[in-house]
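Here come two complexes built around chain A, the first alongside chain B, the second alongside chain C.
Let's look at the complex of A and B:
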C-alpha cells in the first residue's frame, strides 16, 4: 500500500507526532492534510492571556429594590422548570403572586433590553411563575430561642416575618384589622389583586410557623409593655391617615377618603356612593378609588390640579381607568364642598394653570382667580396623599418629617425596635416595603447574634446596591460559602458590553386583559364578578416567548458560542457539570471565545 | 448585462455557497444572486460578510467542506483577498470567482483596466478573459468543470462597464443540458466531522517543495483540461472557445495581440485594413494562467510585426501581456520583437483610431527600441 493509500485509510485519531514518511511526489497527497491528531503540539505556551468564565450581576437584579435574582428565574421559566423558578423567587420574597400583579416593576426600567428594543416582560413572568409553580414551604432553620414581634402585616411586615422565621426565630405578627395583608388586603382592589391569591401567600408563612394575630391593635389591645417579652419588635404599620383637603365642608356626609372607600369595599361593607362620584387626586389611590366606584355603578370623575403628565399614578392604571369610563377633569382644584343639610350636593372648584416646576420637579399649579365653577355630585372621595399616625408608638422613638428615624439596619432610636416600609423615609411602594422587611430581618438577626451588620452588608450587597441578597445572607450567617456554578464578580453587566450580533429585535410580550365589554358587563353591582381580576396571566407559550427575550446579561447559559468558535478545540463542554473546561495546554489565548460571548460572561485575564 | 450573465451562469451551475462583499462594478452580480437565493430559485447559502477577505475565507471553508462556491469582486476588493487567493490554490480548492476588471486606486476609479487581476498572476489561480456577455455566461459554467477536474481555483475576468453594465443578447442555456454537462461536485477529501482532518497545516521543508511541484503539475495539466472542457461545451452547445483565438490570423503579417473587449474594437479596425488589402490579424488571449506558451510560440512565429495592446501597466516594466509573451517566446527563432502599447488605463476609451495609431506606429518599428510605448498620451 502506498503512503497515499495508507493516509486515506488512516485513523484520524492517531498521534501525528509519529511521522509518516513519503518517498516522493507519487506518494504525497495533493492537499495539505493532517495525518492524525495534533495534541502533541502544545500551543498553550504561546499564550499570555487566558479566558475565564465569570458571571456578573444582571441589571434587573439590582433594578429590583428587593434584589430579586430575576435572570435566574427567567432562565428556569424558559427551561420549563416552573416550580424551581418559584422557589428561586421565594428565596428573596414571600409574595411573588402579589408582586407579579401589583409591583411597579422598576426592574424593567433597568433591563438592558430596553436599550435594544423593549424590556423583557419581567412583571408578567413573575406572575407566571406564581401562577404555574407549585408553592413550597421554605426550609426553616433550627430554632434559635429568640423571638420577634412584627407589628403590621403589610408587605414590610410579611417580608420581615418570613425571613426571620427562615432563620429559625419565633415570629408573631400583630395585625389590627380582621384579616392579614395590610395595604395589600385593604388598599389594593380585588380586580388588581385577588384576595385568595394574597391568602395563599400568607398561608405559606403560617405553615412555616409564623403566628398571626389579627384584630389585635398593639398599644391598645396589647400594651407595648407586653411587647417586652419579645427580643425584638419590627414596626411595619404603614400610613393610614388621609391628608385633608383643607377646604370648608369637608366634614359633611358624603365626603370620604379613598383609603376608607377601598377598605370598606375590601371588608365587604356596603358603601352608598350615590350616582355621581368626584375623586380628588392623581395618585394610585385616586385611580383605585375611581375604578372601584365605577364597579359600584357610579359615574366617576377624577379631579386633578395638574395635567396628565404630572400624575403620580402609574400610566397603565390611568389608561385602564380611562378605558373603563372614568372622566378626567385636569387643571382644577377643589375650593369648597357645597352642602345641604350637612350632606354633599356639589363641589365648587377653581381652574388652575401650571407655573414653574416646584421642589418635586412638577410644575406648580397656580389658581386662576374668578374661574370658579361648580360640579354637582353625591360623593366626594379625597385621595391627596397619606400620612402616618404615630400616636400609638411607644414613648421615646425618634420621629422626623413624618417618618420614624432609622439607621442603615433599620434600627430605630430604641435598639430593640426596628421599622420599615411606609413608616420610614422611603418610596411608598410594595417592593420597597419588601426590601425594607428583608433589610430589617437581617438587621434584627445581626443584632440578636451580636454580629456586625456592616460586615454582613459587605458580603450580601448586590453590586452597587442597595439591594441585598437573602440567599447570600443565609449562607453568610452560617459561615458557608455558596458554590456558584460559575464564579461571580459582583458588578453590573452593562448594555455596551453585550455582543449585539447575537440578538434580534422582537416584540415585547404583552399581558392579556379581560376585554372592556366583559369588564363592563361584570361591573353593575348586580353582576356576580364585579371585582373580577382584569389582567390575565401569560400562557405557557407567551411566557416561553417572553423568557426567550432575556439577554441573560453577564450570565453563562451554556449557549455553546465559545465552544463553537474556539479555533483550537480548546473549549469543551463539561460532561458531568455545568459549563465548559478550557484546555490550558492548547488554548492560545486568542480571545475569540470572549469576543463571541453574547452576554459578557467571559473575560481575558493576564497570566 | 454581463453581470446578470454571471448570476445566471452561477444559478445554472448550482453553486451551493455564495459569499461576497459589494463593490462597483461587481455588485449587481451578487445582488441578483442574493435574490435568486431569497426567492428559492437557487438552493444556496448566501453569506453576507464584512470584507472581501472574509468572502474568500467563507468560500475556502465551504469549498473545503465539499461545496461548490462562488464569489465576485473588483479592484481593491480583489487586492484585499490577495492573501487568501494563495490559500485557495495551495489548499487545492476549486473556487470560481468573477473579477470585473477595474483600475486600482488612487486616483479613485471605477472604470475598466486589467491591473487588478493581472497583479494576481502568481497566486496559483487560473484566469480567463472574456470578450462578450455570452462568453461570460458560458465560461462561468465551464469554469466549474475545469476547476473541479483540477482542484484549482479559477477567475473569470471581464471589463468594467464595457461588459458588466452593457446589455447584449445572451443565450441562457437550459438547466437540464447544463446538469448533464456539469455534475455535482465530488470532493475526495473534505471537512467531515465523521472523519476529522485538519487542512492546510504545517508542512516541513522536506515536503513543501514537493507540494509546490504538485500544484504546478496541476497547472501543467490545466491547458489540456481547459481545451477538453471547452471542446465539450462547443459540441453540446455550439459555441466554441480556445485558450487563444485567432481573427484573420492565418496569413497576417501584422498581428495585434488583445484581450477582453479591446478585441472587438480591434476586429473593426482589422476589417478596415483588410479592405485595403493589408494583412492584419488578431491573436486574442483568453488564459493568463496557465499561460498557453506553445500556442503563442506557434501563432507568433513567422510574422512581421507583433503589436500587443495592454490595457494595464506594471510600473517599472510595462504591459503585463507583452512581458508574458516575450518570456514565452524568448529565444524562439522567427518571432519578431514584441511591441507593447499601453492603452485604455482607468477606463480611457480604446477607440478604432487608437488601434489605427498602434498599427501605424508598429509598422515603423523594425526592432525593439522601447520596452513599451504610450499611445495617444496627452503631452
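Let's look at the complex of A and C:
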C-alpha cells in the first residue's frame, strides 16, 4: 500500500459523503446538525503544482576546497551533539583541530550570512568541535590486499593516508623529519598550533593502522626502487627551499631562512638571534618568523617591499604581529648585507615605490635611486618565498614551473605515482593540501580498482565543485546509495533565495585571545610558557551563539514554518522520523509553505 | 553540563502547536486563504469546548455543507447582521445549562462586523456579553465577489470601487469603536506572527466579558496576489504600519506588541493588484496617513489609564 493510500484508509470519514444522503426534505432532521468532518473532500484535486522538500548544498560546503559539510556539523554543535559534530567533520578530514586553528577558512567568504551582516564563525566552531568532541577512530573497511606508500606527512600526505586507510588499503607514510606533520609540525609555531593537538590527531591515523616511518628520506635513505613493492605511491613532499635574496653578503653568519628558524625552534634547538632581528618578506613565513623571534626576546622589524594591502600573509596574523610589537618597514627592499668578519652587522636597503600592477595583480615595486639607507641588525631572516627541490624525484616524472605535473585525479606522468599539496600547482594552504590528499586517495582507489575516476567525480562533486565528498565516495565505491533524510539537489543555495523575514542581524561572536600583557610576560626566552597558544577556544555558550547564527542554507531543520503556515492543515510533522509529510489528498498547492521556508529547502514541482 | 543552545529551544517556532490541531483539511477555502489560518490558530488555543457562531461570510462556505463541518466544534450559522446577538443568545443558553466554561466565539467577516453587524456588536459590547468576537478582516465583501466595505483600505480597487473610482476615505478604526465601549480586551492579530497571535488568543480566553479580536486576513483573489504570498502580504501589512499589532485593555490601556520595521508602505501596496492603479502621489498620501496613525497609536500607548 502506498503512503498515500495508507493515509486515506486511516481516515474514518473517507466515505462519509456517500453514507449520508437525503432523498428529500422529509429525510432531514428537525434541527440540522453537521457532525461529519470534511476530510472526504479531496481538495488535492484543485492543485496543479505540488510542494516538495529538497535540500540544496550550503555555500560554505563548496566554499571549503575540502568540501567540509560545514552546515551539518554546525547544526550538531547547536544541538549540543559535539561528538557527532566531530565525527561528521572527520568524514572529510583527519585534522579538524589543526584546521580549526590554522586554516585560512575560505568557507567564511562564501557564507551567505556575509551578505547580510557578518559571516558565521565557522573556523572558531571547527576548533570548538575538535576541543569538545571525543575523538573516535574512524571505521576501516576490510583489507583490500593493496598497499600505498605516502611520501611526506604534511596535510596532503596525512589526508591521503587517512582516506586510503578508511577504504581498507595498507598505507605506509615515509617522513624525512623526526616527527610527522610537515609544516604543521616544523613550520607553524606552537603558539598558533600546539604540538600535542597535532600529535593527538596523527595518533588517530596510527590507531587506524597507518604505519608512519619517520626519519626516512625517500630517494636517499630508501630508494625509489624500494617503493616498487607498493601498488601506488603518493608524493606529498611540499616545498622547503627558501628562495635566496640574491644580494651580496647573503652567506654571512647571522643570515638565516625563516623556515630554518621556525624548524630549529620547533625542534627544540637553541637559536641565538641577538638583539635586533630583521625579517624580510610579507608572507606567512615572515610573520611566523617575526612573532617567533619576538618570543626569543628580540626586537623585530619586518621589511617588506610593498605596502600592507599587498602582504600575502593572512590579515589576522599581520594584526597579531603588530599588536605584539613587531615593527613594519614597508616599501623597502634589501640591497646588501653589511658584514664584519663574515658576521652580519647591518642591512643596506633601498626605498621603493609602487608602479603598475604586475601579473599577480599586485603593484610592482620600483626602486627609488639613491634612496639607500642602512639598518643595523644582528640577524637577518629571509622569508621571500619557498621553492620545491625536485632533485630527489624518481627519473622521468614530469615537472613544470616548479610543480609536478598531474592530471585531474592527481596522477603524475608515471601512472603509479600521484602527487598533491604544495608540490603541485595549487594554492599553498592547509585546506588545499587536505583537498589534494583526498582527491589523490580517490584517484588512487579508482586506479587500483580499475574504476573510472570521471564517473566517480560525476557522483561525488559537490555542486559546482571542485570540492569532493568523501562521504559520498565511500558509499559510491560500495555501490550504495546514501539515504538522505531529505532528498538532495546538488546545487548551491544562493543568498537571494533565502526568506530574510526570518533572520535578524546579530553580532558575530568574538574569538578570545590571551591578553597582550599576559602574552608579553610569557614572551622572554626564560619564560616557560613563551610559546603558549595565543587564541582561546569558544566557550560552550559562545559556540551555541555562533552556531545559532547559521542560516542552514538550503537545508530543512524542522523549523515548522511550512506546518504552521499551511491554510489547509496539510503539512504534518512526522512523529517517528525527521521532517514532514504532505497530505497529498488535501494540499491545494497554494505554495505558502514554499514561500515561507526561510532557507529554501522546499520547492513547487509540477506533478 | 552542556549549555542549552538557543537553537534547540527555538528550532520549532511554536513547540506544542501540533498537539492541539482541531480544524481539519478538506475545507472549501481558496488556495492561500488567510481567514482559514486565523480560524486554525484560534481553534488551537480555544480547544474543543467551544461553540462557534458564524454569520454569512466566506467562512459560511469554507466550513463545508450540511451535514459536514470542518471545524470539529459545534457551529451555528446565522444571519449576516446577527453574529454578536446570536452569540449572546448561545452564551445565555449555555450558562443556563451550567456550561459556563464553554467558549462562545463569534467569527465574522469585516462586512459582518464593520458594516451590517455593527449595531448587534455594539449592543453586545455595551452589555459586556461574555463572548469572544473575532473579525477576520479581508477588507471587502469577498464571498459575494469583492465589494467594498468600510474596512476596505483607502484608494483600493474593489468591484464596487473600480479603477477611476477607488475607495474614498480611510479604513474605519474598528478597535477605537470597540475600545470606546470599554470592553475588557480588544486586540489586532496577524497570522504571519503566530506567536503573538496565539498569545493574544490566550489572553482573551483567560478573561470574561466581551473580547474583540481583529484579525487581518489576506485574500489572494480579492487582493490580487499569488496564493503563495498571503503570509508575506500579511507580514508586510504589519511591518509597514498598515495593520499595527497592539492590544487595548478596558478600552484605555494600549500596548503595542510588535514594533513595525517601518517598511515603506509602497512595498506592501506594490505587491497587490488591488493597488495597481495608485500614482506616486497616492502612495505618498497613504504613507503619510499611516505615519500619522502610527504616531496617534504611540500617543495612546503613553496615556495613563483613568484611575477614578
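Throughout what follows, the second predicted complex is superposed on the first by the 571 of 607 C-alpha atoms of A that agree within 3 Å, B and C clash if a C-alpha of one lies under 4 Å from a C-alpha of the other, contacts with A are read in each partner's own complex, and residues count from 1 in each chain.
One rule holds for everything that comes next: a contact is a pair of C-beta atoms (placed from the backbone, for glycine too) under 8 Å apart; a residue touches a chain by one contact, two chains touch by 3 or more.
The shown structure was predicted, so the numbers you read here are calculated from the model rather than taken from an experiment.
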Query raised in the report: More residues of chain A in touch with chain C or with chain B?
Result: C
Query raised in the report: Who does A:387 touch here: chain B (first), chain C (second), both, or neither?
Result: neither
Query raised in the report: Which holds for A:327: it touches chain B only (first), chain C only (second), both, or neither?
Result: neither
Report task. For A:33, select first, second, both or neither according to whether it touches chain B, chain C, the two together, or no partner. Result -> both
Report task. Report for A:516: first if it touches chain B alone, second if chain C alone, otherwise both or neither. Result -> neither
Requested in this report: May I ask you to decide whether A:25 touches chain B, chain C, both, or neither, giving the answer as first, second, both or neither?
Outcome: first
Query raised in the report: Between chain B (first) and chain C (second), which, if any, makes contact with A:501: first, second, both or neither?
Result: second
**Report entry** chain A residues contacted in one complex by chain B, in the other by chain C
**Finding:** 32-34, 38
Query raised in the report: Where on chain A does chain C make contact in their complex?
Result: 16-17, 20, 32-43, 46, 77-80, 82, 501, 539-541, 543-545, 547-548, 557-561, 563-565, 567-570, 572-573, 583, 585-586, 588-592, 594-596, 604
Requested in this report: Could you please specify the touching residues of chain B with respect to chain A in the complex?
Outcome: 90-92, 151, 189, 195-201, 203, 207, 210-211, 213-214, 217-218
**Report entry** Partner chain B, residues of chain A touching it in the complex
**Finding:** 8, 12, 22, 24-25, 28-34, 38
Query raised in the report: So in the complex, which bits of chain C are touching chain A?
Result: 2-8, 11-14, 17-18, 21, 23-29, 31-34, 36-37, 40, 63-64, 66-70, 72, 74-75, 191, 194, 220, 226-232, 235
